[in-house]
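Below: the structure, in structure tokens.
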Amino acid sequence: MIERGGQRLRAGMVGGGAGADIGKTHRFGMRLDDRYSLEAGVFGLDAGQAARVAESLGVAPERSYACYEEMAEAESARPDGIDVVVVATPNDSHFPIARAFLEKGIAVVCEKPLTGDSASAAELVRIAAENNVVLAVPHCYSAYPMVRHAARIIRDGALGRITFVDVEHASGWAATPLELTGHKQASWRTNPDIAGFPSVVADLGTHAYHLARYTTGLEAEEISGQLHTFVPGRRVFDNATVSLRLGGGVPARIWASMAATGHNHGLRIRIFGDAGSLEWQHEDPHHLSVQDLDGTTTILTHGLSTLSADAARLTRVGLGHPEGFLEAFANFYLDLADELTARRDGKPSTIRELSFPTGIDGLVGVQFVEAVAKSHANNGAWTVPANATSQEI
Amino acid sequence: MIERGGQRLRAGMVGGGAGADIGKTHRFGMRLDDRYSLEAGVFGLDAGQAARVAESLGVAPERSYACYEEMAEAESARPDGIDVVVVATPNDSHFPIARAFLEKGIAVVCEKPLTGDSASAAELVRIAAENNVVLAVPHCYSAYPMVRHAARIIRDGALGRITFVDVEHASGWAATPLELTGHKQASWRTNPDIAGFPSVVADLGTHAYHLARYTTGLEAEEISGQLHTFVPGRRVFDNATVSLRLGGGVPARIWASMAATGHNHGLRIRIFGDAGSLEWQHEDPHHLSVQDLDGTTTILTHGLSTLSADAARLTRVGLGHPEGFLEAFANFYLDLADELTARRDGKPSTIRELSFPTGIDGLVGVQFVEAVAKSHANNGAWTVPANATSQEI
Amino acid sequence: MIERGGQRLRAGMVGGGAGADIGKTHRFGMRLDDRYSLEAGVFGLDAGQAARVAESLGVAPERSYACYEEMAEAESARPDGIDVVVVATPNDSHFPIARAFLEKGIAVVCEKPLTGDSASAAELVRIAAENNVVLAVPHCYSAYPMVRHAARIIRDGALGRITFVDVEHASGWAATPLELTGHKQASWRTNPDIAGFPSVVADLGTHAYHLARYTTGLEAEEISGQLHTFVPGRRVFDNATVSLRLGGGVPARIWASMAATGHNHGLRIRIFGDAGSLEWQHEDPHHLSVQDLDGTTTILTHGLSTLSADAARLTRVGLGHPEGFLEAFANFYLDLADELTARRDGKPSTIRELSFPTGIDGLVGVQFVEAVAKSHANNGAWTVPANATSQEI
Amino acid sequence: MIERGGQRLRAGMVGGGAGADIGKTHRFGMRLDDRYSLEAGVFGLDAGQAARVAESLGVAPERSYACYEEMAEAESARPDGIDVVVVATPNDSHFPIARAFLEKGIAVVCEKPLTGDSASAAELVRIAAENNVVLAVPHCYSAYPMVRHAARIIRDGALGRITFVDVEHASGWAATPLELTGHKQASWRTNPDIAGFPSVVADLGTHAYHLARYTTGLEAEEISGQLHTFVPGRRVFDNATVSLRLGGGVPARIWASMAATGHNHGLRIRIFGDAGSLEWQHEDPHHLSVQDLDGTTTILTHGLSTLSADAARLTRVGLGHPEGFLEAFANFYLDLADELTARRDGKPSTIRELSFPTGIDGLVGVQFVEAVAKSHANNGAWTVPANATSQEI
């Protein structure tokens, strides 16, 4: 039963100008439940184009800024300044932008990978903590109701002791040399200076890794990774296979690809325990398949009256009416709105066990990317990731 | 590539107060693309509760009205009065409410069935035409991109000559006597005074019927219907099977049910031609299955670069990111916004071949309900529906 | 745990010569469990070709007969004569052939439709009963383990009171005018002199009808049918839609087609009750989907340890190893072998509740074809089928 | 168009007595197309039980032997001795039994793993070659028509350059400590003295590995493997994950498990190229899914008129009638029968490009098991398998 009005949060955005898909996705996610009002932004480097975007979004001209530094300065000085900023720029600019706002006490939603290296990611986490401000990372797949339900029943023991975890985010979106065609996203995602050499791990592998951690509650203790480049001439790695040893010695696999020809999206998670198993796929997100020891499969649907509260609270329409990717993004923003509103109003934190990913999760993701790259450089040798210890932000 | 800002349309709503799912759905649909601003409404009969809903939705207290007559009067008198009103009340009140606003020149979105009888439905169509105002009926399933694509390729001849049409909207939502439990929607939908005896035909059958018409472009020439009550003691019919003879002698079947035990939603359409066939299901709405004469099946996904413009224009995120029911509703509101904005700004009509359903479609739906009821009363005798001739609204 | 040897039954065949698929299917079915030995036959009208077929099948030259009359005479006179004959000829010859063997006391497996009219079908049933000999009709789909399981759990009340039955056997095999290409089966199946005008009802509709009866245990009390010809110029009806009122007033639908473009086979059954529903499809025959009142779906697989004995006894290999159409045919022949062996050895009948279809079922099928044709001739008027009362064969 | 009679091959069997599933499976496979006659065997160590099995299978008492040595001696001495023997005993006895028959010039079908170590497997291959006798290994999954079709279109370039291969044979059959319940197969498969420590690799991994080789035509150049024991107390490894570098540097993964809780069977293959990809699953064996660069999926069905000859020649019944595991086994035996008959009759070899697996394949499988075990012992270090060079048998 979603839809809460009340006083909306004031939001800003850096990035998400003309032609930027991810900025739009964030706006759809913020808009659906009407908890945010977009009031300020830096919508690109071209002043004219940025102004047109701002106007089309209803942002006042004086709050359409030329650069993030100016925006952070000005917004933090306004009595009606923004509560939260969304950083939706290419990877290499995440750090300075996020830092600028966090230092001003403005909450930050920063796209993954949080930064290009774990030192700077840890720095952001530290700054957020010091300033007592929320830093959130939109691993939005963990906001799907059926993923939440999976995480809940695993914690409740439905699968017994976990024995094996297998996650894939193997898309075919860049199975051709798209970067040669002028495709904007392909261009920067295959540029090692912006996206890093293990680009596919940073972009898609971190989603898969977060999903494994989120659903099982287990952390990786050792990682063995291989990186590949399927498209000849491509400057970054576009495919990765990773073996993992999770806590308690649970083996796991992750496959991340941007060149899995024919796949539309390719995010899937399968978790096995000694009492059952489950499977969830992003291309059929409103169902969760659960299998028992006998081999019987049960198909659960988003909206069923028998689901856990973690899933049920994220239901906007009745059983059989599929909610999709934008609703998952909206769920992320809904949980975030609860927390930001509570802080604004001096209420207790609303963060629950299965809530939105924070800077720690972003940092752990960057550490994952680094561990995979290091293992690959050592011909797949088992490598211990420098897992951040969990700490409140 | 959706997301257009600019000056938003001013919207009002009658119904959709506390506990009313369909009102919320309309608001989600209006909100997603930011083309509407909800400014006025009648949010229930209890004044206190209505005021709280209004406040939570950001509606100013003076525009939270006690009744629709007052609202139509006041809003039409304001310089900043609403452009469009959504009628989301139980069926029996559609007529007077829609009439009140249409007569004031305010566009109306009226839930199906448009009215309880075809005479009043035709009256609404007439009033809308006389006042040159838009009357739209949210058969939102026809706003799914893959349904649009199906309709397009059928018109383009991909299936050849149509030979058979089979549509189901067979849900299990009321397979138990829910109305005895105080369930709000079940209570009025099983009350013949509000929902009519052929309740399931009005509620779900009209969706199925519209989908058949929308995708094929064919109209029913003869109808043979049977009505059943599966739940003992229920006061209305909760299941209907209908045989149809569409234009050109094409046989068709419709099955509508609110008591198809176990079904989550149950909307599905299959269309056969002499050169191919296709199938679409609402519970997997981002795919369309097309079969050729050899028996090979092709699965198309929303977002594929090869889809028709009718589908492509309704794509908010990239391939493999499912959009669902709320996005379909948003598509309806998007097309409507284009038309209302064009009218407001004195621009040419934007209505295209495959656009939103209008009052005519609502009227034809009511005529369908009546024909099924009449046939049923005659033990299934073939009955000619009083199809409205298509006319501009 | 199938595989029983012992003394094999001696079998003969009429039809099933060069190019005849159904004859081969019967032989595969007989052969799999090694309960039959093919010893005699009439393998076509061309003597040379028939002899070659006989030789390839290991049938002795002197038992490769020129006509069925001779075969019935000679085999019934031999001390090692056949126990059972399979009639796998085009429809119009079923009656005289089956009669000839039944009168000689030889068991008959006769393809559906049993005969071209119910009088002659009833005559066969009568002759079989008088001679105390088995007459079986290979509606082999009812021999699939998961169909048997469905029938069992329905009888055990898993679905509660049955409310609706929907069966389709809508294939696309003859969606083009195959008969103009010299296609053997298409030629006779579209020849009204051989296959009858309601050819598709006799060929595929009887399978669907039998499946509805077999799984639910309900008989049709009234039938309303429409026949169509989708392929222009075709001499028979190639599509049929039928509404039924089963015992207890349960509504049902059957759709039979040989021109459902794109469908590979198209046999599917869905059964609804007030406590649950189930679905089975021939193109995924090793699974059965069961849905509960909440809307949860359970997928059962052939081979699961939790299945009923009716399904479990028909399992040749372990869980997860699909058995298909030939195994279903083999199941039919297995049950038949048990009964024929028991009779041969003077043991009690082995026929159980869910066993192979007999002449009665064949007769009821012919009565169904006639009722559909009669209703169609009366513009779909409700027609009472002359259901044979169940009687022992 | 299968079904050939003619003079049948004389077959024998060692193993496959009471309670042995795999022996039955072989018999079903041999029987279906009537190319073999079972004439001799060693059906267990208990003389009385073996005699009863022999009788039930129609094997003459004097050809029901006490041990394989006696059988090899006697059958090779008879003028009507067996042409081929099936070795269906637990793994540790494969070598001496197969050797005994090969040395006598009798063709051998030996279950995988061919032997427990590659030296003895190579010895069998050598003996078979020296004696010019067929040694076949029933990796029957490669005999499915849709697997053959996959292998064919890959060779024909439908997927372009192969980029990634992913195979799983992850079953849940032994996810519980079945061996403690007296379960016969579980007992010996978890006994390292019989099945080896990497039992799951030998049993299921070799199937997956063969499928990867068969479909792509690529061989493994390096292997990195991890072995796990999911069921506490189990004496062998019941789960394995393997990374591979195939010829040309193509990365691949194999996952083999007997403890993947909830999985019924779990064999699946996905192959990616720079022009397309495909997927096949054993639990839906009559379909093949092919995906193109755009992301469109095409579903092909066994029996389609458009399939390659490699698939079409293995079609027993028409489109839409599923054939399953026993038919795949029968396909293996059909190809083998062609070759054995040709040799018997002094005709040229019938072995084609995509034919049955031979001793070389069995040897390569054993080398795979050894390489995985060696890598595991070295903490997953990349290990070069001692791939047998392909040589004629």
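Each chain carries a letter (A, B, C and D) given by its place in the written order, and its residues are counted from 1.
As a working rule, contacts are C-beta pairs under 8 Å (C-beta built on N, C-alpha and C of every residue); 3 or more make two chains touch, one makes a residue touch a chain.
Molecules present, by chain and UniProt name: A, B, C, D = Dehydrogenase.
For clarity, every value in this text was computed on a predicted model and none was experimentally measured.
Asks: Hey, which chain ends up farthest from subunit D (Dehydrogenase), C-alpha centres compared?
Replies: B
Asks: Same residues or different residues: which describes how subunit C (Dehydrogenase) and subunit D (Dehydrogenase) meet, taking over half shared numbers as same?
Replies: On the two sides of the subunit D (Dehydrogenase) and subunit C (Dehydrogenase) interface, the residue numbers are mostly the same, over half being shared.
Asks: Roughly how far is subunit A (Dehydrogenase) from subunit C (Dehydrogenase), centre to centre by C-alpha average, rounded to an integer in Å?
Replies: Taking the mean C-alpha position of each chain, the two centres sit 56 Å apart.
Asks: Approximately how many whole Å separate the CA-defined centres of subunit A (Dehydrogenase) and subunit B (Dehydrogenase)?
Replies: 35
Asks: How many angstrom lie between the CA centroids of subunit B (Dehydrogenase) and subunit C (Dehydrogenase), rounded to a whole number?
Replies: About 44 Å separates the centre of subunit B (Dehydrogenase) from that of subunit C (Dehydrogenase).
Asks: Which residues of subunit D (Dehydrogenase) are in contact with two or more other chains?
Replies: 263-264, 295, 297, 301, 303, 319-320
Asks: Which residues, counting only subunit D (Dehydrogenase), touch subunit B (Dehydrogenase) once they are in their complex?
Replies: 294-301, 303-306, 319-320
Asks: Under the definition above, what is the set of subunit A (Dehydrogenase) residues touching subunit D (Dehydrogenase) in their complex?
Replies: 159, 163-164, 166, 172, 175-176, 224, 226, 228, 230-231, 239, 241, 243, 251, 253, 255, 257, 259-264, 272-277, 290-293, 295, 297, 379-380, 382
Asks: In their shared complex, at which residues does subunit D (Dehydrogenase) touch subunit C (Dehydrogenase)?
Replies: Residues 3-6, 8, 21, 24-25, 27-28, 31-32, 34, 55-58, 171, 173, 263-266, 282-286, 301, 303, 316-327.
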